[in-house]
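Report on one structure; see the data block that follows.
The chains carry the letters A, B, C and D, assigned in the order they are written, with residues numbered from 1 in each.
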Amino acid sequence: MDKARLEAFSDGVFGFAITLLVLGIQVPSLKTVSEAELRTGLAQCLSQLVPYVTSFATIGIIWLNHHAMFHSVERVEHTTLSLNLLLLLVVTFIPYPTAVLSRYGALPSSTFLYGFVLMLLGVAYSLLWIHISRRKLSRIPVDPWLGKVHIKRNLAGILAYAIAVGIAFRLPQISIFIYFATAVFFFIPIRHQETGGQDQT
Amino acid sequence: MDKARLEAFSDGVFGFAITLLVLGIQVPSLKTVSEAELRTGLAQCLSQLVPYVTSFATIGIIWLNHHAMFHSVERVEHTTLSLNLLLLLVVTFIPYPTAVLSRYGALPSSTFLYGFVLMLLGVAYSLLWIHISRRKLSRIPVDPWLGKVHIKRNLAGILAYAIAVGIAFRLPQISIFIYFATAVFFFIPIRHQETGGQDQT
Amino acid sequence: MDKARLEAFSDGVFGFAITLLVLGIQVPSLKTVSEAELRTGLAQCLSQLVPYVTSFATIGIIWLNHHAMFHSVERVEHTTLSLNLLLLLVVTFIPYPTAVLSRYGALPSSTFLYGFVLMLLGVAYSLLWIHISRRKLSRIPVDPWLGKVHIKRNLAGILAYAIAVGIAFRLPQISIFIYFATAVFFFIPIRHQETGGQDQT
Amino acid sequence: MDKARLEAFSDGVFGFAITLLVLGIQVPSLKTVSEAELRTGLAQCLSQLVPYVTSFATIGIIWLNHHAMFHSVERVEHTTLSLNLLLLLVVTFIPYPTAVLSRYGALPSSTFLYGFVLMLLGVAYSLLWIHISRRKLSRIPVDPWLGKVHIKRNLAGILAYAIAVGIAFRLPQISIFIYFATAVFFFIPIRHQETGGQDQT
């Protein structure tokens, strides 16, 4: 299995999923076409932008990390392929909970579903990362310090999602804030060395 | 005709079709927005995940095999192009029966249509495979043992779909199970040689 | 401007447009979910497959020709870029008339619109082809015989669409047949030389 | 971070966003299927083509410029990645205001929203351009004259959008004309040197 084609296919799927998110923002459906009604309708619909931006940032970060992860991988075998397909399965599903959360707002079950899928994303990503590290599929040995930081960050992310999912039935607004804050947190690069730092975003 | 561009175009279509599947899962359409209604609606909609996952796995496997098939192909001529377009025609159509099966559940006709399209997919793939093997378009001669196993697996898959389609009007739930089991079966790699095995998934 | 990136972008757009066609086939919308209703609904919807297959074949052929056209092009300048974007504008629009024709069948105005867009596609393609031939942007001089055959085929295609569009208000069923037959006609490769023939499909 | 993969991902997103625009043009929804009703419906829907063509041209131009900008970039670091994702976030959002403008015509708020997003696009693009120029990430030093022309054009574009957005509540039709004219203006290449000119479209 050629690494280049796996990367190209994955890039395509990441790019498609990130672009499909926009279909989840509803075009207001007006009974009578008038400026007053459209303004009210748009105001409601544009409050749906928070899940859209959060999902965009989350998929964007996973794409960055996916790239960094495969950068030094030398050979791709069956388990890597399978775990990669599992990750893509979760990625392509994200537009669905995003659309539900956009449409119905921060109700307990929409907030729970959204966070649960993000948590699955973290788990699928971690499984792939652990497999690649353990099986020593990488050409370049991973800096142990960086590897530890990476694992800690992933665990912290999954934990944050788990907490947010747990409180979704009581304080859904706070869960939404945690989803957004986690994406921002992952966007901060690990500062350790001049080079390499950006790879570990 | 350049093989690289055929592969790039095919990869795009596979990746796009696999991502479009998510649009087939319905966002619940509620009369009044309330947590109770949303929970019922989501429970109904998420029971639609079986066809989604089955179609995702089936397209994913066909993509893996497509890649393996073209890996050693040297030149691409008109018949290969035509048969490849036929395969892509079936692949791009898959989101439709998936959406029908998701929306209306395992009724006889939705189950029949879904299985019939998967069977067409198996036939289109086999036609392409047979053409490439027969015309000796491959640079590397295919290991005869592997070639036979590959043909047997394809025939077994088509046969399984044919049986499932045949019983769809009586036992649609069992047909659905066969569709899913066939995808899992194709995911098991052929173990024969250390290398090459994963190419023949 | 790098030719490789223009090709990659165009390939992506062709592949996306060809995959989006499936969204034009309606999932039956039933009042009560029952096997009898679904069967009637699916029978109606699947009669919509003719425009789907015709559009798929037409975009597929334009993609093949696009590839053959750029194969020998050496440098890409502003006019080529602009005419290429014009061609892509028509290509991305095709899912719309396809969806209209699928939804409302061979009514005069849906048939007219569909054929008019296919005619525009032929015109946009010919403009690009004429520009590239005239400005001698090709590395390899085009065989004059092949060049003439190519121009004649394009003119024949545009003429066929023009006739079909002309009779759409009287005999829409025949127009639909002409659209389909033209796609089949363009699929037959020009037989002239062993090599190169498939490039001029 | 590999430049090639950033370009491939960005190309995918540009190509996908440009193709998704077509979903914003409504298929007429008829109460009774008749030629008379369909003709009226299509006439209404096809008046929606102006935003479609404007958005297509705008995304097409940004794609051309994006390519020219990264052509000479040597290394990609965290800020470039982040600003590029910001640009893509705006690009993927464009189908939404396009669909709103298509559906409800040149009402003040639909015209305002559309222009506001185009203005954001100009700002996001300029931020990326300024970052790349300032940080001297380019291999080839940018011709200072060309650099100045480029900045002036970007500022002129943002200013044009700002004016159009400002008058959207009074003269929405004129705003629409400005959006379209700005796209045409950006399409005119900078004539300065034989080579390079087309890169600065």
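The definition used in the following text is that a contact is a pair of C-beta atoms (placed from the backbone, for glycine too) under 8 Å apart; a residue touches a chain by one contact, two chains touch by 3 or more.
These numbers were taken from a predicted model, which means no experiment stands behind them.
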Checklist entry - For chain B and chain D, what is the smallest step count along a path of chains that touch one another? => result 2
Checklist entry - Copies chain A, chain D: same or different interface, half of numbers shared as the threshold? => result different
Next on the checklist: Which chain has its C-alpha centroid farthest away from the centroid of chain C?
Outcome noted: A
Next on the checklist: Rounded to the nearest 5 degrees, how far is chain C rotated relative to chain D when their C-alpha atoms are superposed?
Outcome noted: 90
Next on the checklist: Taking the mean of the CA coordinates per chain, how far is chain B from chain C in Å?
Outcome noted: 26
Checklist outcome for this item: Taking each chain's centre as the mean of its CA atoms, chain A sits from chain C at a distance in Å of 36
Checklist entry - Which chain B residues touch at least two other chains? => result 8, 12, 16, 20, 23
Checklist entry - Based on which chains are in contact, what kind of graph results: line, ring, star, complete or other? => result ring
Checklist entry - Within the complex, which stretch of chain B touches chain C? => result 1-2, 5, 8-9, 12-13, 16-17, 20, 23, 77-78, 81-82, 85, 88-89, 92-93, 95-96, 99-100, 103-105, 107-110, 113
Checklist outcome for this item: chain D residues touching chain C in their complex are 7-8, 11-12, 14-16, 18-23, 25, 27-28, 30, 33-35, 38-39, 42, 52-53, 56-57, 60, 63-64, 67-68, 71, 187, 189, 197-199, 201
